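After this come two complexes, each holding subunit A, first together with subunit B and then together with subunit C.
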Partner chain A sequence: MTRPERSTSVLPGTATPVLEVDDLHVEFRTRSGVVSAVNGVSYSLSEGQTLAILGESGSGKSVSAQAIMGILDSPPAVITGGGIHFEGRDLLTMSPEEQRRVRGPGISMIFQDALSSLNPVYSVGFQIGEMFRAHRGMSKRDAKKQAIELMDRVRIPAAASRVDDYPHQFSGGMRQRVMIAMAIALDPRVLIADEPTTALDVTVQAQVMDLLKDLQRDTGMGLILITHDLGVVNEVADDVAVMYAGRIVERGTVDDVFGNPAHPYTDGLMSSVPQVEAKGGRLLPIVGQPPNLAAIPSGCPFHPRCSRRRLGDAAAPGRECATDVPPLRLVAPAREAACHYSEEVLGV
Partner chain B sequence: MSEPTTGATAASRVPSAAPGEALLEIRGLKKHFPLTQGIVFKRTVGHVRAVDGVDLTMRRGETVGLVGESGCGKSTVSKLLVALERPTDGQILYKGRDVARMSGRALKAYRREVQIIFQDPYASLNPRMTVGDIVAEGWAVHADIAPKKGRLQRTQELLDRVGLNPDYVNRYPHQFSGGQRQRIGIARALALRPEVVVCDEPVSALDVSVQAQVVNLLEDVQDEFGLSYLFIAHDLSVVRHISDRVAVMYLGSIVEEGTDAQVYGSPSHPYTQALLSSVPLHEPHLRGQKDRILLQGDVPSPADPPSGCRFRTRCWKAQDICAQEAPALVDRGQGHPSACHFAEARTVVPVDVE
Partner chain C sequence: MGRYVARRLLLTIPVLIGASFLIFALVYALPGDPIRALGGDRPLSPAVVAQLRDEFNLNDPLVIQYVKYVGDLLQGDLGTDFRGRPVSETIARVLPVTIRLALVAIAFEVLIGLVAGVLAGIRRNSFFDNLVLVSSTLVVSIPILVLAFVSQFLFGLKLGWFPIAGTQEGLYSYLLPGLVLASGSLAYVARLTRTSLAENLRADYVRTARAKGLPGHTVVIRHTLRNSLIPVITFIGADIGTLMGGAIVTESVFNLPGIGREVYNAVRAQEGAVVVGIVTLLVFFYIFFNLVVDVLYAVLDPRIRYD
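Let's turn to the complex of A and B:
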């Protein structure tokens, strides 16, 4: 997980973005009520940039990615607002057929569980080759040749002899490589990796992250890395957006955000994880549970768990944590946070 | 049978060990699962050597961490310890007595004193039982631990102790979140007043903010109830945080053992070094200072492990001797035992001096 140089910031207006998500809202309409999974998420991704989306389960990090890919289960999921612009065109206003033609070669995604993402009754070579047959109209024989080349590229040993093997014949790390081969087959501009290494052992995780970074360097694709692992974010991402209750609560470069968090939630996450480089003292967990998305707390969604919340402070009109929703605002050069009191959290 | 018979408290059944002395000793522990072929007549065609010669000692009040990647046999060790599986060979000595030879009252006492907390809080709680029934279930077998009259109150005390609302005794597991369910699992283990708790990946399924709450709870109840833990996990950071001593497992056997500072600060087995070097660090200023060791290939099948040293097929130090002779887990001058012919301390994780 080495990385040579840092690219530019995630903040809007710095470089021409490949992908722009603009004020996205996603709801799940279930019989027992409406669950607001994504509540106004905006971010942009430029070429060669790695953006990590960090959050716990239920924070909306995967749902926002599924909305980009057009693979939300609808119903119950409904995109209720916002836009997703790929190379300047809004995907949400296109017809399904048009969306497919744009997304197919342009944006691809890999998932946490490679075994259930692969079809057990087709050989891996056939599944990788499908990309070329479906989108490039290649013959079976040419597609298989391409599949072998791709398997070589993702460093699957003895690719030519393994191309006809089935998914169950591969180890977890190798299966994830097969998924990556399928994802990069058509040279996408954007790759979304949803917890790509969570199911893998740590030594294999290191191999897979290395592979992703090398492929990114070769192709210049933008990488969205969805994860809950602070260590992975620190080692591979340029920028990070921290999500909580369907909102981005903080974003900036990894160095800035991890070096000195501006949101109490980020701060709480950092002090609740033990580190391998030192035994450390007692952990300082965030109290309480992540919120129920069917009943997100009023005001700042984090306020019931926040140690810095201010309730009924007459000296701070419009900054009442229990009622006023803090907007995502610029709190320091090139970094944003959604907290009324970020300056205090930063200690400036 | 020489153990004392019924006493007023169940704790008096097995003589207690003094602090600091070995409470649990594992010697040459092996568990081989047969591989069979055929539908009607099953023929044994080989064995999966899940655990293949593990030695480990746990002292009273101590937390021993057991780390390793999936398939290394760490969960099989936990099942052997709570007598859910019988060992193929080797011994588990509890307070000096061989668990495999226990029967009747002694085995019953052992099962009470050695409890387990499982990884998956969704699968390890019966969905059709209330929380109160789950916590109190053990008392149906070990009736002398809690007199019938005070059981509800005792259950509520336990729920309160693990941070759950005592009024929730009549709720069902599905009404709780993952972290809360793991607290129920902890209450269930504590209900029988155990001496040893085997924690098999107790926080792996939890979100980071909740994980820290459960780790802290485990530390608190350890002091309060005088527990000894065997803490099994694949997360090296959590294991370092909670453990006094750490053992690293690879393909069925322990490759290195020592205090947390010895194993993490100066690992001397190549596998431990590779494992530690793969852990991503959280501090931006430490990024890139790590000595990266990328392992090639996959873990060999435990049904057909390599001869000699198990790790030699992926090791950059391997020589002829490694294929011929399995290295013993002994101190070769590093101050702690390491199962490598060419053991040599090396710093792979930068020390945070901030």
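Let's turn to the complex of A and C:
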């Protein structure tokens, strides 16, 4: 599998970022205790770049996206620290009204389950048209015309005759196209796709991902792709950030990270995916359970599940897996990982 | 939709026949002789009793009585009570009172119940939400008889804000009884709206609406309220049917000559024609308002289609 070389990178200073997330912290304050969902996540996204955020359920990938969109359920969710800069302006210090005006024309988002994410009692044309009515003050009739154009653009067949249909009258793939039409309606600079293909058939998944890539090429928007599907990441993303327990544990270009992981967790993910070439071999699951976010393990949060952990190694002061938190650091050119022993994992 | 409505309306015919026969049989089964009771303390002469029993077909078996009643009904004759007053006139006299009372009660349910429910649902766990919770629980726990007498005493007699009883002051006379009658349902509507709204506010499509950058009021009114109102409208629709049946307690305490009081008196006097006429009409109202609710469903939720 060869991939075209891309010049973009997640590492700071290489391109003008359109979106910058800086040391973001999000907590859920519930009656049974505080759950730390996002613990100091930083990344940046440039125009035209596709950044995949990879992680298990509960790794904080969706929560950080919702924090960017300003649609966290709060309470119980609280952003306890960090900054989110869109085109140089900090979203977190904006007034709610200013934030609202960024959602749609600036940053928009599509969700995993298009059926429940679309309002069942309004036609799809109405729901797409709402973008133009709310943000551009367009009349109902003009908005409907725009909706038909958009439905054409996301390749929904017979758009003009389907514009008045309701979400339940569409197939899963077509519904996700409706969501995409809605999200790209106002030419956003950043599109966040939260598991956009998880609920779809494999053939439809490929069509939807192709559509997203084509739209991105046409508009030059930055794309954040949240997923746990390594195959999707490999096909469409330029860069990847792997999340674990609310932190980024590794990032770099997809080729680098997938070719030679620098973090034991990424390594474990790779080994747990079936490979055609390795047919007949055994899959190696990551042992243990994802961490409880209300009680994240001390030191490296991955250490209880890590096969390479070193405990009580007197020869490595400050690199004790059970007590010293490994910072996200440069481990190779354009590669960052949060492991005390990345060099060993990389095999350099 | 038109065919669905027509079919539902046709279905009411067997229901009405069955219901009227049941009511007829129940009145027939009541112990005692209604004709003898007409005389009160002074017994009627046996000849008069025999003549009246004959006139009202009371000597016939149940089925024959019913067939004769339906025969008259089909000619537009609802019959008369034992004093010779046509039942149709009685209905024309008491029905408007009940309709007014029911409308006032529904207005309170919608105005107060719905608004309180919406505000509480939007501001969950706020002071207002807790106020609605406490006051609705309080209202539901008080028997309507107590509520009726207390409010009559307090607002009618002591404060003099409302007429104490009767219908002399027009629609104004209906406000206090209407509020008392509505109280239970009003509390229920508030709770139902609050719960439904709070639940829908967490729906995925509401999150989408916020992600679209729609203004807050659009998110709440357009994308939350409409979906939340479906169960509330079902309840209110069914409640209209119930309220049309009159409210014996409220009508008695506030001395309103409505259907509830009329049916109560007719049952006591075993006035078969009056009871059957009015109650069958009420059954029809109930079926009709249920049909209206079902049609409204399809209007509110495009996923529901009847054809």
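Heads up, the rule we're going with is that the second predicted complex is superposed on the first by the 337 of 348 C-alpha atoms of A that agree within 3 Å, B and C clash if a C-alpha of one lies under 4 Å from a C-alpha of the other, contacts with A are read in each partner's own complex, and residues count from 1 in each chain.
The criterion applied here is as follows: a contact is a pair of C-beta atoms (placed from the backbone, for glycine too) under 8 Å apart; a residue touches a chain by one contact, two chains touch by 3 or more.
The shown structure was predicted, so the numbers you read here are calculated from the model rather than taken from an experiment.
Novice: For A:120, is the partner it touches subunit B (first), subunit C (second), both, or none of the two (neither)?
Specialist: Touch status of A:120: second partner only.
Novice: Would you check which partner chain A:74 touches, where first means subunit B only, second means subunit C only, and both and neither mean what they say?
Specialist: Neither partner.
Novice: Is A:57 touching anything from subunit B or subunit C once the two structures are fitted on A? First, second, both or neither.
Specialist: A:57 contacts subunit B only, not subunit C.
Novice: Looking at the overlay, what does A:282 touch: subunit B (first), subunit C (second), both, or neither?
Specialist: Touch partner of A:282: subunit B, not subunit C.
Novice: Which partner reaches more residues of subunit A, subunit B or subunit C?
Specialist: Partner touching more subunit A residues in the overlay: B.
Novice: Which holds for A:16: it touches subunit B only (first), subunit C only (second), both, or neither?
Specialist: neither
Novice: Once chain A of both complexes is superposed, is A:298 in touch with subunit B (first), subunit C (second), both, or neither?
Specialist: neither
Novice: Could you tell me if A:323 is touching subunit B, subunit C, both of them or neither one (first, second, both, neither)?
Specialist: Touch status of A:323: no partner.
Novice: Between subunit B and subunit C, whom does A:139 touch in the aligned arrangement: first, second, both, or neither?
Specialist: Neither: A:139 stays clear of subunit B and subunit C.
Novice: Within the complex, which stretch of subunit A touches subunit C?
Specialist: Subunit A residues touching subunit C: 69-71, 73, 100-105, 108-109, 111, 113, 116-123, 130-131, 134-135, 166, 168, 179, 182.
Novice: List the residues on subunit A that touch subunit B in their complex, please.
Specialist: Residue positions touching the partner: 1-3, 56-57, 157, 171-174, 201-207, 210, 228-232, 234-235, 254-255, 258-259, 268-270, 272-280, 282-287, 289-290.
Novice: Could you list, by residue number, the parts of subunit B that touch subunit A in their complex?
Specialist: These residues of subunit B touch subunit A: 69-70, 177, 179-180, 207-213, 215-216, 219, 234, 236-238, 240-242, 260-261, 264, 274-288, 292, 294-295, 297-298, 349-352.
Novice: Given the complex with subunit A, which residues does subunit C contribute to the contact?
Specialist: Residues 202-205, 207-216, 218, 222-223, 226-227, 300-303.
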